[in-house]
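Chains here go by letter, A, B, C, D and E, matching the order in which they are written, and residues are numbered from 1 within each.
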Amino acid sequence: MTSRKYGVVDTTFSRVDMGKIAISVIRKEDPDAEIVRYTVPGIKDLPVGAKKLLDQGCDGVITLGWVGKTMLDKYSYLATSIGLIMVQILTSKHVIDVTVHEDESEDEEKLVEIAKDRASKHALNLVKLVKEGGSALTKYAGKGLRQGYTHAGELED
Amino acid sequence: MTSRKYGVVDTTFSRVDMGKIAISVIRKEDPDAEIVRYTVPGIKDLPVGAKKLLDQGCDGVITLGWVGKTMLDKYSYLATSIGLIMVQILTSKHVIDVTVHEDESEDEEKLVEIAKDRASKHALNLVKLVKEGGSALTKYAGKGLRQGYTHAGELED
Amino acid sequence: MTSRKYGVVDTTFSRVDMGKIAISVIRKEDPDAEIVRYTVPGIKDLPVGAKKLLDQGCDGVITLGWVGKTMLDKYSYLATSIGLIMVQILTSKHVIDVTVHEDESEDEEKLVEIAKDRASKHALNLVKLVKEGGSALTKYAGKGLRQGYTHAGELED
Amino acid sequence: MTSRKYGVVDTTFSRVDMGKIAISVIRKEDPDAEIVRYTVPGIKDLPVGAKKLLDQGCDGVITLGWVGKTMLDKYSYLATSIGLIMVQILTSKHVIDVTVHEDESEDEEKLVEIAKDRASKHALNLVKLVKEGGSALTKYAGKGLRQGYTHAGELED
Amino acid sequence: MTSRKYGVVDTTFSRVDMGKIAISVIRKEDPDAEIVRYTVPGIKDLPVGAKKLLDQGCDGVITLGWVGKTMLDKYSYLATSIGLIMVQILTSKHVIDVTVHEDESEDEEKLVEIAKDRASKHALNLVKLVKEGGSALTKYAGKGLRQGYTHAGELED
């Protein structure tokens, strides 16, 4: 049996060390897996970071981005999102994208909480998809799950 | 005769289980077909989900996304839309994109109704295109069909 | 001599049967040509429709899209436009894009008129480019031609 | 010695014949060069026009676009810009993009002036890059050069 | 041992000679490295400039762009950002993107300061990534580093 290999790409721009959180979740959920970490300056560098790790044989990648408050930061978010999706299309591998927007809360403590919750839940999502494939999350389909917030839940029929 | 193979990609973010609806329509319309379901966390994961299913030999895919109310959710929608179109261009296969925006209605019951109607009608569109090809829908060309709402109808000449 | 082959991609979302108009212009301007029609649900399905027809040997394609009034419709327009341009770049073939925006006029009669004029004029543009190449329209370069409206004309020097 | 080959792509939508201006500058600056002109309906057709000329062996291309005043025109500008950049990335050749926005001035005479200045200066830029390579413009790096307007100049340190 | 090769792409539109700054930092941090400079007219020409230098064997590139104040300048920024990310995805090499927006400050002295700080810090980031790889910046992950401004710092847990 060959063990799985996960990539974690984070930034120096982020104000929370989400890479560390993601790594600790992956290690707990898939103890035999290899984990490679790659740190870049900012979100626009995340796609190539993910691409490099996939080139090196990772089965899936989690990226951890932090986005400022201005319109230009949001345009950078848009460009990055398109790039991360293109990496996935070209490699047919998951790059789960964790993004925290600095304007999600005025309260710094709350921002930290959002970052931790989102990074943890998405690291778990990545492990499930890589280990078990596309049916692993099907029991939660349509359940209104949220990362960074409490779950919204399924709407009553 | 080899039977057709359809892909269904849905999300845990969605608040309605649209994947189930799509599968039930496809099964009814093309009973011998194989159907593969793939569940991802959110809309930005839909393009790679579709790509993976097309790599596995699906003849066409339906994706079922749910989009939040903020401007950032809309940017994610834009990035996802570009990604889904790129998947189609690179594979020359249809990926019919069902999207429900949480701000389409204040009323949760109405949202469920929109989701069901849109998922059903587009699942039928997918089956028609995959089974019968590009002339299957020509009798409805210019007829102002709508999914999630009542048809707008053709404008009088 | 092998005859030319044109693709026409239209939608069931549209409220005017622009595909029929385009076909009738192409048939008149290039009577020996083969014309293939492909009908899709909405604008985001146009790029793959065009790609499929180019894969089947079309020398050029015209797409006929109808866009709703909301900001989300406009984002779909943007994603579609990027997709249609990518199809052209990857195939080095023209995909002339006719789009009618439902908010171009409050008056439904006027909308029909815009749709007919735009579809006709662009079908003619496509035939000229496919039959005669890149110099066919050079005599109109800088002349302020408009489709759907009266020509704006050249600015005096 | 093989002579250089330039591509010029312009539109019938434009209200100034910028293609003619670009050709005259290129001819003056590189008299032995071959120049190929390709005229398309509007800006969204520019990327494939440029791609076709590069496929035919052009060493570089100048595109000359004219953009209307509405938000939709600006979305078309954005899609076109992405397309022109993709053409360059895929071919590793310059496509210098001249765009005049109809809302750059209320005054038609001023618009003509902007168009002429921008087309001339960028035609010269293209010739310099094609003839002399990436160091040709280095003496102007950071100098605040503008096309269509007077130069902004370098900021004092 | 073969020495490293860096690419520096700057513009004539910029009002500060950021290319010179980047080169001086790279030379200081990696004295044996080869540095190639490529100057283009404006930001939309940066992606092909970077692509050309990567084609010529550069291990990484820094681009130095200056963006005007209008909405159209911001759309050009968005298109450029997408292009720069695509170059990186297609080559699996870093293109560190330094952008100064003319509306970041009303004060020209402050703008010069931002440009210098951002160009210097990102040149250093590039050298670190090229010389030492993806773990070089990991000690700063989540530390809230900023280029052009003082560091924001890590949020307390």
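Odds and ends about this structure:
The rule is simple: a residue touches a chain if its C-beta (ideal position, glycine included) is under 8 Å from a C-beta of that chain, and two chains touch if they have at least 3 such contacts.
Just so you know, these numbers come straight off a predicted model, no measurement behind them.
Common neighbours of chain A and chain B, by the contact definition above: there are none. Superposing the C-alpha atoms of chain A onto chain D requires a rotation of 145 degrees, rounded to the nearest 5.
Distance between chain centres (mean CA atoms), chain B to chain C: 25 Å. Separating the centre of chain B from that of chain D, both taken as means of CA atoms, is a distance of 40 Å.
Counting partners per residue, chain C has 78, 82, 86 as the residues that reach two or more other chains. Contacts between chains close into a ring here, every chain touching precisely two others. The residues of chain E lying in touch with chain A in their complex are 74, 77-78, 81-82, 84-86, 88-89, 92-97, 101, 122, 125, 129, 134-138, 140-147, 152-157. Within the complex formed with chain C, the residues of chain D that make contact are 10-20, 36-41, 44-45, 47-49, 51-53, 55, 71-72, 75-76, 78-80, 82-83, 86-87, 90, 108, 111-112.
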